[in-house]
Each structure stands twice: as C-alpha cells, then as structure tokens.
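Provided herewith is a single structure, encoded as structure tokens, for subsequent inquiry.
Order of writing sets the chain letters: A, B, C and D. Residues in each chain are counted from 1.
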Amino acid sequence: MNFSSDNVSPICPEILAAIAEASDPALPYGADAASQQLDQAFSDLFGKEVAVVPVATGTAANLVGLSALVSPFGGVACHHQAHINRTESTGVAFYGNGAKLLTMEGPSAKLLPETLDTFLTRENTHGMHSVDPECVAITQATEFGTIYDVDEVQAIGKVAKAHGMKFFMDGARFANAIAALGCHPADITWKAGLDVLSFGATKNGAMAVDAIILFDPSLRGRVEKARKRGGHLFSKHRYLAAQLLAYVKDDLWLRNARHANQAASALCQSLETLGARAAFTQQGNELFVHMNDDLAERLRKAGLVFRPWPAVGPDAFRFVSGWNSPIEAIRTLPETL
Amino acid sequence: MNFSSDNVSPICPEILAAIAEASDPALPYGADAASQQLDQAFSDLFGKEVAVVPVATGTAANLVGLSALVSPFGGVACHHQAHINRTESTGVAFYGNGAKLLTMEGPSAKLLPETLDTFLTRENTHGMHSVDPECVAITQATEFGTIYDVDEVQAIGKVAKAHGMKFFMDGARFANAIAALGCHPADITWKAGLDVLSFGATKNGAMAVDAIILFDPSLRGRVEKARKRGGHLFSKHRYLAAQLLAYVKDDLWLRNARHANQAASALCQSLETLGARAAFTQQGNELFVHMNDDLAERLRKAGLVFRPWPAVGPDAFRFVSGWNSPIEAIRTLPETL
Amino acid sequence: MNFSSDNVSPICPEILAAIAEASDPALPYGADAASQQLDQAFSDLFGKEVAVVPVATGTAANLVGLSALVSPFGGVACHHQAHINRTESTGVAFYGNGAKLLTMEGPSAKLLPETLDTFLTRENTHGMHSVDPECVAITQATEFGTIYDVDEVQAIGKVAKAHGMKFFMDGARFANAIAALGCHPADITWKAGLDVLSFGATKNGAMAVDAIILFDPSLRGRVEKARKRGGHLFSKHRYLAAQLLAYVKDDLWLRNARHANQAASALCQSLETLGARAAFTQQGNELFVHMNDDLAERLRKAGLVFRPWPAVGPDAFRFVSGWNSPIEAIRTLPETL
Amino acid sequence: MNFSSDNVSPICPEILAAIAEASDPALPYGADAASQQLDQAFSDLFGKEVAVVPVATGTAANLVGLSALVSPFGGVACHHQAHINRTESTGVAFYGNGAKLLTMEGPSAKLLPETLDTFLTRENTHGMHSVDPECVAITQATEFGTIYDVDEVQAIGKVAKAHGMKFFMDGARFANAIAALGCHPADITWKAGLDVLSFGATKNGAMAVDAIILFDPSLRGRVEKARKRGGHLFSKHRYLAAQLLAYVKDDLWLRNARHANQAASALCQSLETLGARAAFTQQGNELFVHMNDDLAERLRKAGLVFRPWPAVGPDAFRFVSGWNSPIEAIRTLPETL
C-alpha cells in the first residue's frame, strides 16, 4: 500500500486501452481526429464553449495556462503553500516572462475571500515601481487536501473580479474536488469567473496528460504559442487526446476520483482508530495526519509507504490515495496491523 | 501511404508493450527502477559514461539540452535551416535566457567545416557589444534528409573545439543517421567532441520520448533544473524510461530506422522511375524530390500523402517514411499507379 | 581630431548649462516640471501628439521601445547590419522576452522595400512552429552612414503596414538624417506609419539621453513599466528632461547635426583629395572610406583617430564627426598633412 | 523644505564641476582615463582590490549586481520590505533570468541572523522542485531608515556563508550608514563576506550614478555583459566615472551623508518637540514618525513636503533629508511653526 503520491499508481486500464487503440496513421500537432474532438468533449463537460490545450504534465498546464493571464510586470496572488509557489521551481517567472508570485497565508492552505480583498486593496498600487497583482490563483483541491466549496470559490472569484483580476485554478486534483463536492464542474469554474483551469488527469489514472481549459477561447492562440515555445506541443498529439477523451468518457474521471476519495476516507478512519489525528478535514484523496513515531513505524512495517510533511507539523505525515487504492485492505488495517 | 511526417506512425508494438507492462506502483520523478537503468543502458550504447535526461518531445530535448551549453549573452552557431532556428518558435532564447541563434548557409542543410571556421573567426569578438558564439549545433540527419558522415562530424567538432565552442547535436533522426552510416554511435558523438545529444525516439516508434544525452555527466544538475522549470519533469517518469529502455533493447531503434531508411530508398527509386528527381542524395528516411504537378496529382490520387516544401524549391516535395512504412507497396508503386 | 566615434565629443555647452540650471528641488521619477514639458515639446516638434519616455542610452531606447511592438513569440525584421542585431548583445530577446531578430541583406545597410515585401510574404507563416515577423525595424541614418530618403521610408512603412507589421526606427542619428534630408521630422516618422522612434541625443551633444517617442501614446504604460523593470527610470528624472528640452530648443539638435554632417562632408572631400575612396555616398556624420595603409598611417601620424571597419571591407575605415568637429582644420587637411 | 525623497535634491557643486570639466575628447564605453581610475579609487576606499562597474540608477546597480550571484533556478533571501522586493518591479527575475525573491520578516526592516539561519535551513532543500536560496541580500541603511551595525552585518554574513550563500548589499544609502556607524567601509562589506555591493551616489549628491562593487573581481566579465545587455553601458562612460571620482574624492560622499544624517537628527528632535513620535531609532537620513493629522497639516502649511507611509502604520509619515537640507531652519522649526 503505497501512499507516497498519486503518481505511484499506473495508467488505468481504460486509458491504456485508448492509447493502444490509437494505432492508425494520424496527422501530427493536433490536426488528428481525436484532438479535434477535445473542444467539444470539454465544452459538453463544462456546459460552455471552451478551448482545450493539452500538455503532458501538471506543471506545464499550470505554467503555460497562467502565462496567458499575467504580464511580464505583473503578479499572481496566491496562497503561500500553492504548488505554483512551492513546487514549480522558478517556472511562473519563466513562462510569465518575469511575472511574480505574491503570497498570502490562510487556514488549511485556503485563501479566504476577505484576506484576498485586503491584500488586493493594499497591493494594487496602479504604479510602475511595485508589482501589481493581475491574477488570482487557487488550488482545488488544495495542497493540504482541503477543498473549497462552491460558495468559497464563487466568493473568491467575486473578489478577484471586483479588483479587475484574472482568475486561475490549479486543478491537478480537480476531479477529486468535484467528486467530493458533488457539484457541476461549471459551478466552481466559469460560473465563478474562472478564466483558465489546469484540469488534471495524470494523478487520477492517465499516463501523462493535463488539459489547459480556456473559458475564454480567444486565449487559444497565445496559449498555443506558449506551449510550442515551451516544447510542450506533442507531434503525436493524438496520444494526449486519446488519454483525455477516455478520461472524460462515461465519467471515468469521476469514478476514479470517487474511488480515491473513498480510499482516503477509509484510511482516515483506520488511522484515527489507530491513534492518529487528521490535521485537516479529509475531503479528497490527500490525507494529512499527526501521529507518533511508534504508530508511523508500525505502519511502515506493515508495508505502508507515506511521507513526513514538515510544512504541516513536526509529527505530520501525508498519505495520498489513488484510483487503484485497495479500499478493503485499508478498512481492515486496524485489525491486521 | 502517409508520408507527410514520421509522426503519423503510431507507437511500435514493442514500446506499447513496455508501457503496458509498467503497471506496478513506482516512485515518481525518476526514482523508479526503470528510470534508474537509463544511465547504464545509454552508457553501454555509447561506450562511455553518460547521463540521461528524458523528456517527452524533441523540441524540449533540443531546448533544454542546448540551454546547458550557452550563456544568456551568447550565441549558438548553426545552419539557417536548422530545426532550432526554423521550427522551434523563440525556444532557444526562452530556455537559453536570451541566447541567440547565429546562422550560416551550407549545401543541403549541412554546415561545412571551413564555413564554420571562417564564421567563428569573424564572429567571436571576445567583446560585450556583440553576441559571441559559444556553441555549435548541427542536425543529424539534417533537415534536408542528408547525413553528415563520420569525417564530417569530426571535422566540425574539431573546428568547434579549436574555437572554444561547445558542441550540440539535434538527433531527432539520430537512429536513421546511424543506420545509414553503419558506424558506432560513439564515432559521431563524444569521439567527435560532442557535449550534448538530443537522441530522438518519438519519430522512430516511441509514443513521446526523446533523451538528452550528456557526455559530460556533470551537466546533469543544471539540465534537470531546466527540465523541471520548463514543466518537462514527468511525475510518472517510468513511462518515459520504459519507452527508452524498450527502444534501445535488442537494437529496436536501429531496426526501426533501417526499415524507414529502406522505405525511403525504395520510394526514391519508385518516384524516379515515375519521373521525379531527388533534390538531395537520399540517405535516411526523409526524401525531397522535384516533380511536376501531374505526377504529384497522380500520387495523391493513389492515396499517397506528402507535403510541398518551398524551402527546397517551387516544385519540391517532402516524403517521410517511418518504422511501419509498407516497403513492398512502395516498391511496386510504379506498376500500380 | 578624433573620429573614432560620435561619443568622443563632450556635452555641448547649451546642454551642460541646462543641467547646471536644474538646481531647485524637484519631484522624482518624472513628476517634475521639466519632465512634464516633454510630451508637449516633442508633440510640437513632430506635429502630432506623442508620448515621450526618456532613457539614458541609445541601446535602452531601442530595446525598451522595441519591446512594446513585439510579442515573446514574434520576430523583428531588420537589416543584418542593424545595430540592434550586431551591437546590442542579446538585448532584443531580453527586453522582448524572447523576441527574435529576423535579418535581411540590402545595399549600403539599407532595407529595400521589395526585399522586405518578399521576406515578409515568405516568413509570415501565421503558424506556431516558426517565428513570425511582427515588427519591421530600420536605422536612420544607417550603420553605414547612408540615409533613407522620405520616399524610401514611406515605401518601407507601406510594405510593413500591408503585412500587418509594427514599424520601429532606431534614430540614434535621427538628427543627422533630418539635417541631411531637410524634411520635416513627421515625413519620415508617423506620416510613414512609424509606431515608435528611438530619438538620439547622446551622440549629438547630450551627456546621456535618448528619447523613446511613441506615436501611439497608448503604449506609454507598457513602455514605462518596461523602463522601470529594466532599471532605466531615473529618480532625478529632471536631468534627462533638461537635456532633451535644451536639445530641441531653438533647433540645437539640428544645428549640432548640420555641423557634424558638414564636417563629414569636408572630411570626405579632404580624404578623397588624398586618395581615399568613399565606400558609400556620404550623407550624415559617418564616413566610410577605402584607402591604403600608407594613407591611413599618414593620417594617424597627423593626429587623426579613426577605426578600421572590416564589415565594409579589408581596406575600409570609419570616420565619425561630431557637433564640435573642427571643420576648418578638416578642410585644410590635405595641405597640412 | 522638501523631505519627500533624497532624490529631490540637485547635483552637488563638486560633482557638477566634475561633469563640466570632463570636456576633452575621450574614448567611449569605459576606455577613457577617468573610467580607468575607478578600480583603483574604490580599491583604496575599501582596502582591497575590487572591480567597479558603474551604472546610472540604483535599481540597475541592484539588478545587474545581483544577477551575478544567482542562477535562473535560484532564490534571493531578503526582508519582505527590501527595495528589491517592493520597489523594483519584476526586475530581479528579469535580470536574474527567472531568479525568485524569498522573503522573511524582521523588526524595523532588518533581517535577524537567527531568522535567516532558520529560513535557510528550511528552504534549502537541495532539490529541483522548489526554489533554493542561493544568495542573501540586505539593504544598508534599511528601507525603514535603520542601520545594521558592524556586528549585525558580520553575523548575517556568517550565517549566509555557513549555508553556502552569496551575499549582496543594496547600498543605495551606504554612505549614510558608514557616516552613522563611523566604521571603515571594509567592516561591513568584504570583511563580512560580502560579494557584491550596490554603492549609491545618486541619492547623496550625484546626478545619476551608482557603482556595482565586485569584491570578487572575477565577476567583472559577467556583470559587464549583463550591463551591456540591459542597455546600461554608457557610451560617454566618462560622465559616470567623473561623478564617482568626485564623489569619493576628499570624502565628499561622507561629508554629504553626515550632513543629511544631521539634518534627519535635527528633524527628529524638532518633530518630537512638536508631538510626533519616531517609529524607529533615527540613524541615517530617513526618518519615520507617527503623528496626528493636525500636526501633519501644520507642517504642510509651513512648507514642509513629506509622505504618508502606510507600510509603517496608518498615522506614519516618512521624511528624507539630503546633502543640502537646511539644518538650522530644521532646528528652529518648533519655534517658527
């Protein structure tokens, strides 16, 4: 039972099959038939016309997507714990031609609307000496496994728009969020004023694809140029498309996410039974717990793999479940330990 | 018979099987077992200790690899027709933090050593106003399908080193070049002074992987940081590794390339029989021919797909064969047309 | 008699006096009274409302000004000999966030409209793989001392606009060009479709100031941000303004330029009398001649300072006159040598 | 009495005279005699061989200087209030090719050595996902007018070096700091492990020049290339040199700074007499006070110019004195109000 990352799980069977089936000759660089279906598939999913630009990694989806929403002189307002701030090297400045991250604190890795409002009021100087925020970015689910509910996303979107900001969402675990919230994908995206979404698939069963969803399709040209320049335009683009089409077909993305969320929920219960304490309310597929070294050692001996997480606390650990986590074995963990 | 690009062909069976087999849980970001074998596999292949940094596209391999060999104030000397100059957007300056392409002409898209020598003598001012060349880059096979022989690569390497330059090779079709030359991979790489090679696999049977080969392994840290920042570090890195390991196992890379080269050779003969004229000596899997519109039309009606290539001439066309091109059908083309 | 560069001459008296007189307390960063007069002064000079953004060097004026006219994925079409291509390091890509120089040849360092037309037709692919030109840049007077006449500039502007390009002029020696042509500054700028002019003063009597002239004042915000980020926003901005106001007052800029042009004309005559041959028709303050080593040596012994110029030929030399060149001594050079 | 910024004061007479005297022909770009004396003059001043690279603005000195100490993937650890973080646009990432600011808090805009130690221990992951700090930057005097004493600078330098960091100082008001501390310039620079100092002159009597001081002269080549690319290489370089030579001659820099510091001290006393309260201990030429609106209004009516400073508090104001502030009038302010 490896909970060290969602990335330890392999391709899920449906997506592997889709890759295997894409065996006819096909035009490169997105001119193939599968790629041509992406816009429609995601427009259906979101209930609005969108443009889709797929790339192979979540970091690329974030960086290329964000680059369309901020000038070389502007800032991206986000939580200090944001993946784009903590785990993507100097990528935001790289793709953003200098654009800077402007960070805030907030409970359980979430931005609070009122904190954001104060921040934007103070930082937006309309001057040229400082870096004015031009975009607000949130992560859904957050880096601490928590999930903004519909009202929270809409409140943040409202504040962002009131200050003239663009609005970006790092949705590496978007599926887990939707599965947990039970809402329509529209509710926490374009209906909340979102401009660009990084729609994750790699962590949730795909081999390597995340989709940049442009709720303003006119951004496509700029994003495609940024993608090409960054070396992210696949020649055999059909294999990105095949993964994504399989991923959204018959709600595979939600089924995989629900499975992972349930596994995390079961794990949370099992660990609490064993004496651990959840650091945050478990909602998606990431679970952070406080526990003592003895318990950690017992779990390791039982074959569980997981990581200490000092950002949450000296006795904190992170467990991440996936589309293929063994829920039954997780449930019975307390008895079998 | 689609000859519009090597990228129209699908994954070859051996590589698809390798992807399917990589189904155990595995550590992310290159810490998995398959990724850990890459250095050894390629060190064996080149007969020298190398460091391997895989990425998913040829453009990424070129841009990230080159970025380790040139400063933000320096230039990359190359042929005007080079892919890095003509077909990779402003990527060299992007990953090179401003580094500039300095271009020369030369017959059949090849740099001549004496042209290079004159160029470097003139352009390397050792000053701060101009852009001094710091690296020489060639493409093997070239953008016009021609192939530098061993002596030519070594002569260019010698000139480059005499001027204190780094030496880079865009090897998107490196396999086709080796298959055509019949030499050891070492002969046209580190034995010719090469510092970094972009070793292509995507065009020759892989789904999406090209390897940056560092003949100076101490470059690894810098290249890995550039890869991460560019969004090219795969979380499920094993799938890049699995493709590459299958690609070099039992000489699959050479078998695929030989097939493609033979298909191009057969196509050259068939087209010449039909009245076309090769623009350059066919050596690898790219074939450029001059032909009249009537012939082009007849070929199209027979189901051949190919592209006009104005850079070679107003009556020029490009045909690219692949690992799965139907050689027998190509041979009998004149009879069946 | 130092002809090695226009930069060997000191500040001219009128501008030094203006610096000395700016001794009252003044608001920083352009909020002072002198700075506030710049837009009006240059709007009067050009007969059109313009926005003026002064910087301290010609390279900064070119790079910051150009950066407003090209995207990170686009190209700047110019002559191979252009200062921005040959003598400004990797500055265009730096300020242009990756933007690339796309170069052409042309006689005496001039772009020909028909060459430009062919070039733009071929290079503007409207695609994402290549670098499409977005801006045309010319130097007036050119790097070989020649000067586009009014018709030539207008023809280039027409071609540029027909292809949807922005139009930029490096006017480091704009004063010399206007002095030679005798036309109104409007004729070779906004009336020819020019978007941005780098208006030189440093080479023509100022201490250190060149003005970025925006014929589209709406570009001001972007240009001012680029200036600040580049470190070119003066705190004691009044000293840039004072220089520029003195420079354009009572036609000082034209008087200085006429003097320099006359000096170059006299020098051309004197050198031809002595056996040299002008490489190009002398028009402004730069003179390129072919001469033998004996003559060069005699001139050096007589105290003349000048530089060999291999880009023009192995026996070529450059002489640059300034606002304070001793015309009478130049005239009598043949007798006194 | 204008206390809105040190930049409201004009050139001081000695420096204006030096500019006026530089009237002979001189070689451009630093090859002139005055420029050639800079290294020696500053090596004498610091008691150690240094390389000097002058630029025209403090922002340029900071950005170009810092760029030599951090890679495109690295971070610069500094106080949140640092000028490089708050007031230089996205310049650090621009000149640093993506380098990122990593900020800490600390009392009165000062970094505490122990805070820095904890920060560097936590942030330096030696990994490629996050941005590892590579350089520590402090401002002396700080943005809140406070001054690190010799022990504090040395303690910070020691922590920086223990973590393998480079060490940079923004010395826009370095003269005020040395004047206040009464120490040798060496004590808070190279003897504390400093690598690069931005040595300010513009705020303290010069027209427009700050010097990048390289305590490791081998950095010169890289810094000069960055300066040229940034458009900061003056053609009439002598005028930068003339200002700097006059500035350090006969301790003019210290005399000017002592005057400004005394004026600030007198102002602090006068304002406290009138009911204001110093926000921080006044040490240099910047004074921050809390006062009520009535007093502020009375001061404004008496002709004083100064600015509210919300970063210090809602009732806080900043006063900055200069080399020419009228000390006697400041002293008698309470009586004359």
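One rule holds for everything that comes next: a contact is a pair of C-beta atoms (placed from the backbone, for glycine too) under 8 Å apart; a residue touches a chain by one contact, two chains touch by 3 or more.
Just so we're on the same page, UniProt names per chain: A, B, C, D = Threonine aldolase.
What you see is a predicted model, and the numbers here were worked out from it, not measured in a lab.
> Return the chains common to the contact lists of chain A and chain D.
Chains in contact with chain A as well as chain D: B, C.
> Hey, which pair has more contacts between C-betas, B-C or A-B?
Higher C-beta contact count between the two pairs: A-B.
> How many angstrom lie between the centres of chain A and chain C, each centre taken as the mean Cα position?
Here chain A and chain C have centroids separated by 50 Å.
> How big is the gap, in whole Å, between where the Cα atoms of chain B centre and where those of chain C centre?
Distance between chain centres, rounded to whole Å: 42 Å.
> Between chain A and chain B, what distance separates the C-alpha centroids? Give it in angstrom.
Centres of chain A and chain B (C-alpha means) sit 34 Å apart.
> Two or more other chains touching the same residue: where does that happen in chain B?
Counting only residues that touch two or more other chains, chain B contributes 29, 72-73, 88-90, 94, 98, 128-129, 225, 228-229, 233.
> What topology does the chain contact graph adopt: line, ring, star, complete, or other?
Graph shape, chains as nodes and touching pairs as edges: complete.
> Please give the residue numbers of chain B that touch chain A in the complex, ascending.
2, 4-5, 7-11, 16, 19-20, 22-29, 55-64, 88-91, 94-95, 202-203, 207-208, 225, 228-236, 239
> What part of chain C is in contact with chain A in the complex they form?
Result: residues 29, 71-73, 97-98, 128-129, 224-229, 233 of chain C touch chain A.
> Please give the residue numbers of chain A that touch chain D in the complex, ascending.
72-74, 86-90, 93-94, 98-101, 122, 128-131, 310
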